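Several structures are given next for inspection.
Shared between the two complexes below is chain A, which has chain B as its partner in the first and chain C in the second.
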Partner chain A sequence: MSATQIQTPRSGKVGAGRVAPKYNRNGSSKGNFEMLAWLFMRLSGVVLVVLIFGHLFVNLMVGGGIHAVDFGFVAGKWADPFWQVWDLAMLWLAMLHGSNGVRTIINDYAERDATRLWLKIVLYAAAAAIVILGTLVIFTFNPCPVVDGVQLPGGFCPAP
Partner chain B sequence: MWSWVGHRVTGVVIFFFLLVHVLDTSLVRVSPEAYNAVIGSYKNPLMALGETGLVAAIVFHAFNGLRIIAVDFWKKGAKYQRQMLWTVLALWVIVMVGFSIRHLSLALGGH
Partner chain C sequence: MTAELAEPASKIELPAGVGGGGEIPSFDVTLRVRRYNPEVSEEATWDDFQVTMYGTDRVLDALHKIKWEQDGSVSFRRSCAHGVCGSDAMRINGRNRLACKTLLKDLDTTKPITVEPIKGLPVEKDLIVDMEPFFQSFREVMPFLINRGHEPTKERLQSAEDRERFDDTTKCILCAACTSSCPVFWTDGQYFGPAAIVNAHRFIFDSRDDAGDMRLEILNDKEGVWRCRTTFNCTEACPRGIQVTQAIAEVKQAILSRKV
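Up next is the complex of A and B:
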């Protein structure tokens, strides 16, 4: 029979802030990051319910639903700053919320230090790439793309 | 405990879909044809079922997430957590029946 070993929490260094230093197994402090992350999950969660339910309702439930989704549909939405801001907020909040959730799961299930380190490096790199890509796409979108003076087929162009 | 498992599983599923969803939407920046080709390839009965499953995961995660917030911040949250779980499941069934009827009739029906 092996004795149960209680490990130090993997989510950063706990014990900072409101916990007396004598209960802090790691000695040093890392601020209130974990508490702020916990709070962020709840605040962003409430906002995401509104943003994503609205996104699904407008894109899938009204009008032609999924059949209506094509390049022209996206162009029509992003012609309105309201939907640009909506989609930008959804992108950032969902990616931060999702990345923090996956970070928690990595901390819980990956037991080796090196495994956790590399999984989180991959996670942060992927999340940063997706957030930057999505942000650039929303702000540099061109409804009427022209390559070498020729309009690309399928574009959302006003009649010449 | 099972609501906790469900919350984790649906969260991971939604996260990986989100990565793919940003990538496919980014094709609008490549060309209208590229975007329409990929979105067009999604418009088949199998993907319609997949979309319904994805929305089922999102709706559960959303309602159960609001329940977690109530447990954490509402004075009587912990006391009523079980009743709130049944409320989550009931709302989930109602929303999914409505969504499935509308989405599947649009996606599978004639057009």
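Up next is the complex of A and C:
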């Protein structure tokens, strides 16, 4: 006489133990990365409020206001180390803050590990490209470039 | 023959439509119940049931009436039926609540009342979900007193202020309404979830307990408190009124002040 096997309708289906495998956490993560990321979001957020509103105020309200913003205005600002540091801090903090935010959104919404990995690779590549290019521009910006001994056209530079 | 005692005059003004004292208004209501039976079909369906209920009835009473009088195959959990055991958390009109604490008259009875199993946990049948993943996270935070000191001969004394510190989180009945209302938990079920953190909070801030650091270390995991997005779904869902999001924030603060 064969005993009738009645399968319990557990989520794990056959042979998967009591808890469905998708709920099992694979090992505990060592380190404080998530804590530091959480802290960074709060601190950078506070600093960014000052940096961004300072930036908007100086560009749009002070002096000639928005109508004075042109190539020469930007060139003038980046000739000053103060604004170089200001813009550099704004670039780095905003990019890291934003990228970390998108990273958590990917973590929350991507359901498959492969999707999650690829979205994050694209995100990190994009963030790195913008941060590197931006840093390069802030420090090497030259409003009057000379190529092969010839002054490039532009109305902002004194005639050679 | 028994002498009839005169009822004392009612002090409550009743509307004209309602009959004598003690009569409870009744109404017809449609319950739209999510049905799932893996032995019949892998697809879940909606079933409508019409029942006549009274103003004092809860959603659980309607489910009982359906099960007892209309369709005995309707499956749901309930134990105490008085909001203490935490067995009958379900998604009623799109919100996680206890069926035994939700009065029908407080819902919109002109439309069908939808009753679904709580989300994020595997459905076993109809409104019954597999609670094991939920309890797994609960067990991981070690929800029991760990005291390395000498065992006292009497009870472990504690000041009223020390007891007050974690009073809110002692109210948890493990119904899973919070964890299964959390969008982060819905994604992949990896997050520890609000209920586990609430029960860790209950011991982390207990002056008699010595294992707070261990619990904070467990919740410092990448699936721990830092996955909380403070959407307040858990606080809204809690049938016991626990300030869940605040408890999670306090655990975050405790980890930070220990590490930084």
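The definition used in the following text is that the second predicted complex is superposed on the first by the 129 of 160 C-alpha atoms of A that agree within 3 Å, B and C clash if a C-alpha of one lies under 4 Å from a C-alpha of the other, contacts with A are read in each partner's own complex, and residues count from 1 in each chain.
Operating definition for what follows: contacts are C-beta pairs under 8 Å (C-beta built on N, C-alpha and C of every residue); 3 or more make two chains touch, one makes a residue touch a chain.
Just so it is clear, the model here is predicted, and its values are computed rather than measured.
Of the two partner chains placed around the shared chain by superposition, chain C is the only one that A:F33 touches, whereas chain B remains out of contact.
Contacts of A:I66 after superposition: chain B is touched, whereas chain C is not reached. For chain A, the partner that touches more of its residues is B, with chain B and chain C as the two candidates.
Touch criterion not met for A:G54: it reaches neither chain B nor chain C. By the document's definition of touching, of the two partners only chain C reaches A:E111; chain B does not. For the contact definition in use here, the chain B contact set and the chain C contact set of chain A share no residue. Interface residues of chain A, counted against chain C in their complex, comprise 9-11, 18-20, 22-25, 28-29, 32-35, 37-39, 104, 107-111. Those residues of chain C whose C-beta lies close enough to touch chain A in the complex are 38, 121-122, 124-125, 130, 132-133, 136, 183-184, 187-190, 218, 220-224, 226-227, 229, 252, 255-256, 259-260. Residues 8, 11-12, 14-15, 18-19, 22-23, 25-26, 28-29, 31-33, 35-36, 39-40, 42-43, 48, 51, 55, 58, 62, 65-66, 68-69, 72-73, 99, 102-103, 106-107, 111 of chain B are the ones that touch chain A when the two sit in their complex.
In the complex of the two chains, the chain A residues touching chain B come out as 42, 45-46, 48-49, 52-53, 56, 60-61, 64-67, 69-72, 74-75, 91, 94-95, 98-99, 101-102, 105, 126, 130, 133-134, 136-137, 140-142, 145, 152-156.
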